[in-house]
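Data first, discussion second: the structure below is written as structure tokens.
As written, the chain order gives the labels A, B, C and D, with residue 1 at the start of each chain.
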Amino acid sequence: MAGKLRIGVIGAGRIGKLHAENIAYFIPQAKLEGIADVMMTPDMESWAKGLGARIVTKDVSALLADKDIDAVIICSSTDTHADMVVLAAKAGKHIFCEKPVDLTVAKVNAALAAVKAAKVKMQVGFNRRFDHNFRTVREMTLAGKVGDVQMVKITSRDPAPPPATYVAVSGGIFLDMMIHDFDMARFQAGSEVVEVHATGAVLIDPAIGKAGDVDTAIVTLKFANGALGVIDNSRKAAYGYDQRVEVFGSKGCAQAENDTPSTVKLSNDEGVSGDKPMYFFLERYKTAFIDEMKAFVSAVLEGKDVPVSGEDGLRDLLVGLAAKKSLAENRSVRIDEIG
Amino acid sequence: MAGKLRIGVIGAGRIGKLHAENIAYFIPQAKLEGIADVMMTPDMESWAKGLGARIVTKDVSALLADKDIDAVIICSSTDTHADMVVLAAKAGKHIFCEKPVDLTVAKVNAALAAVKAAKVKMQVGFNRRFDHNFRTVREMTLAGKVGDVQMVKITSRDPAPPPATYVAVSGGIFLDMMIHDFDMARFQAGSEVVEVHATGAVLIDPAIGKAGDVDTAIVTLKFANGALGVIDNSRKAAYGYDQRVEVFGSKGCAQAENDTPSTVKLSNDEGVSGDKPMYFFLERYKTAFIDEMKAFVSAVLEGKDVPVSGEDGLRDLLVGLAAKKSLAENRSVRIDEIG
Amino acid sequence: MAGKLRIGVIGAGRIGKLHAENIAYFIPQAKLEGIADVMMTPDMESWAKGLGARIVTKDVSALLADKDIDAVIICSSTDTHADMVVLAAKAGKHIFCEKPVDLTVAKVNAALAAVKAAKVKMQVGFNRRFDHNFRTVREMTLAGKVGDVQMVKITSRDPAPPPATYVAVSGGIFLDMMIHDFDMARFQAGSEVVEVHATGAVLIDPAIGKAGDVDTAIVTLKFANGALGVIDNSRKAAYGYDQRVEVFGSKGCAQAENDTPSTVKLSNDEGVSGDKPMYFFLERYKTAFIDEMKAFVSAVLEGKDVPVSGEDGLRDLLVGLAAKKSLAENRSVRIDEIG
Amino acid sequence: MAGKLRIGVIGAGRIGKLHAENIAYFIPQAKLEGIADVMMTPDMESWAKGLGARIVTKDVSALLADKDIDAVIICSSTDTHADMVVLAAKAGKHIFCEKPVDLTVAKVNAALAAVKAAKVKMQVGFNRRFDHNFRTVREMTLAGKVGDVQMVKITSRDPAPPPATYVAVSGGIFLDMMIHDFDMARFQAGSEVVEVHATGAVLIDPAIGKAGDVDTAIVTLKFANGALGVIDNSRKAAYGYDQRVEVFGSKGCAQAENDTPSTVKLSNDEGVSGDKPMYFFLERYKTAFIDEMKAFVSAVLEGKDVPVSGEDGLRDLLVGLAAKKSLAENRSVRIDEIG
């Protein structure tokens, strides 16, 4: 494909806005052509035009019908993702779809089938693979610096829990939150998960428990290559967004620590103190969001494989569903029991 | 009890020697009275006399019969611990027993019963509770600095695996190695373990697998107070002895990092590098070994409770047996299923 | 001033390009109107047009004559800075001038007089004041966290020396390199330098010595408020760009450590290693360059004082000249001996 | 010399007690034979006997006359050091003398002459050379890891100032406090100081100023090998004893950070905090005090050179006197101007 990748963004909520601005400002190889949002407001419209969007509409089909759009970024509400993928694929657009594609295997399979039939590319928004720290860990592993991977350990804690009402429709902690960590674990292990065991508790907000979910969870994983994994999640870390990864292998161990706003240490009569981690995902993964989009743009323009495929999204979902089942039945669950 | 605590050491292997020297050199409130070892050699004898021991013998009963000995330190081979405890209790001696008391619940129960009947004190050698880092974490929790404990995470990796022949008689990774971490987890959580799930793999030495054990393991725990825990063990970390503890709670997170021989960082064209962790337990827990003995001595002299009781040893064993069963049956196991 | 600040850039070398791109991409309150460079090439021209510049010219006077330009960024060669300031001031443009304004007091005074007469604003490009780490240190001091400042310590080392030919015309290490640190020292101390003592040596490149300069230097400072300061410079640190600041006061000490590309630590049988510092000033001060320009734009638009004034540039120069004299005469030199 | 080194301690103040206990408990190659203190109290006597001292006396000459004493540790008041060295040398005893030998060059020279004439060994108590961190830095330099040394930077700050009355008789900050750092600088540079420039201020306690001294000082050094050095001292760091060393060379930079009581980090809503440095020299240099004594004992027993000689003490004094002169005259002072 010659020239710039011409992109339409579907859905202009928080994450849609972020992607639209990143495309407009930071990705010279792409051009923001249009923005569609069913709730388009005058404010949103003026924002969109300020970014240089040619098409600003409430009607997604107008965007999909535009022949000068090569690719779409799907950032609409989660329950519409799979349908949007199918529509976009049928319209011949390359697709970047926010995670999750869907909470059910059937709809994800249908979406992937449509993508395959249309021979378009599809990338899923697991942005953390592009984080400078986690990517460095993976590069060290690929360079042989940790030897054979034996354990992958992920700490992933949010600064504050979502409202219980959100939790109720989110698919629960494993499909909404830990799914990022399942993707990270697969990425770091370089292998597929074959078995899962989940433990969970309601320790932060009883309303989350009433909504049928847990807010604290530890999941162990077995990978096809024999390695083990463990992920811990908390919906609320008093000190902010705690995002660490450790890969342990036969030759060593690579550990990614949190990013902080500054490196400054203050020593006084109480001790030596430094910054908390970056507050939340928009701060911590600011550059990762740009880099995942650059990777998508270059994969399409250069005809390469996307770095996080629809199949990755499917496999992450299967691990999440297995974890959910494991917690419900208090036993280890094999991935091949799902779907 | 007035004056110094007069101590006899039973078993003069590596750990017996360490305790004897610590008592002789670093604990003014104690006096090393005697050393018994069934394999007493001339070298051992001259070493023992150099430490000022009055009784140096192959015959444990001579030590136990001595009226001027108040307490014994049991460091003989693991399979003799429980019997020695019974004999020492019957002789009216206070007891410090190296871990584990025994690998079976029945023998531990018998030993504890003898101790109870004799109204002597008994401390078990879980030295890590006295480590300056781990103790500081616990003190922070007790001071309310992490709030309610929600997760306890322990990383515990050895620098090199033992011979497979040792593994075969050791009781396996859960009773030989991770039992230290079960004790630490209970100590840090301030609560008893109620359920365990173990995952394991043979990734380091196939001979360990042939001996019926794993060399890499991840265990999740549920505590009576609702908190969750996770421990990972590896028999071989290329960079040495990796001993870290993290306690996460409603108000914050306390993390103990490894100790290193120096604080020096070298910056050159390859990066910024520092020391590996202290090589192994004798280096890392050097002061902890002294401090556990001081605590035992002062508990006896001042008539206080010992900080790590025989009951602690029993409970750690139960968790270890549950982990073993969990791995064998690939399911979560409740502690009350054991014994 | 209403609307966006309309900016012309004078000089499109490395730093001019950087400022032009920052204005075009990252500062919504500013608009890049024109770029002038006496060496304008077709490549430069197409780059400038790609950034949306309306005027692309070899003729600075065309830029200065344009009524729709409110401010200029002076990035031409150092020896032209002072003249450009005078011309721009006479044209009624607000001025952002790269450091140094000039290497002589007379020309700087003339430039400042022109700025004053024209009642335009002028900011000097001491970008490091905007670094996230150093700014945090200053904020801590202003918040009273270090108490009264007693010492300011600055480590500032480059990854590689410039060619000796450059050194010969640069004004030497004190006016070319350490002048940044003199500005930082004054900023952190919140006080003016009253006396300087410089020590130096040629330890890296004998050609620098032949050019009449040193490549390694340590300078001590006395501030008007009684505090002491020390700066060390090296033209070549094997591990890259070493930029650290420490402010020590009656209540504590704030230390800014280097930034690194990632937080990843690799533990293996050789030790525990991490990244070198960010390679050089373009990487380390990437955001600081944007933030200094934002501050200039907002100072002009909102009629506020600029954060780094022409007077700051003059005072930094005086300290640099005093350091040069101190080294030459091997004695302490008072600032009031200069100029 | 065969067998153990038989040692008498002269002066049982804080530091004398420390050495006596270290010899009694931690140095198997030495034997504590006697303790002399002109102020011997019953308490001191019972403490000395508890350590196994055969001779406990108010009369130093009794100790020096004892034929079964091979070496003495001089820990009497500073003004008696040089005389004690002469007496001990004449008595044929090997000598470990606390720093400083004396505050005047004449008396130090006389003491060194007596030592030379008696052909005994003499070590001066610059214990910091034996610190695990600083020794590691030196070993890295000797192993070529930093390349040619270009700069030595030392930060040395006390947790609390001494009373002004002490300051008045101490010889001042350069002879009392920074002399340790002059010794460290010479040790790390592997070269002699040839020129000194001192800056100082009274920022902590006006009474120190009235006593004719400063409480805050920065000194730059030139070494014979061309390297530069800088030392900063403060009599009061709010966060405790700050003892850091940095050696910068052509291939890299080795930095020794402070030691802390634990490695624990607490993350909460205020930030991430850790321990202050070890409180003061008794804590920080606990092992260094033992290691310097071991080195003395083994140098005498094995007929090797002592690691810190009387000549080192003399050279450190000359640097201190030059610094004092530099501050008084506000100019650079060459070492060969002194003495």
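Please note the rule applied: a residue touches a chain if its C-beta (ideal position, glycine included) is under 8 Å from a C-beta of that chain, and two chains touch if they have at least 3 such contacts.
Here the structure is a predicted model, which means the values were calculated and not measured.
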Which of B-D and A-D has more C-beta contact pairs: B-D
Farthest chain (mean CA position) relative to chain D: A
Separation of mean Cα positions, chain D and chain C [Å, integer]: 42
Inter-centroid spacing, chain D versus chain A (mean Cα positions, whole Å): 58
Geometric centre distance via CA averages, chain D-chain B, whole Å: 40
Junction residues of chain B - those touching two or more other chains: 237-239, 242, 251-253, 267-269
Residue numbers on chain C that touch chain D, as the complex places them: 147-148, 150-151, 153, 155, 157, 197, 199-201, 203-204, 216-218, 220, 222, 226-230, 232, 234, 236-239, 242, 248, 250-253, 330-332
Residues on chain A engaged by chain C in the complex (per definition of touch): 25-26, 132-133, 136-137, 140, 145-146, 251-259, 261-269
In the complex, chain C residues that touch chain B: 237-239, 242, 260, 267-277
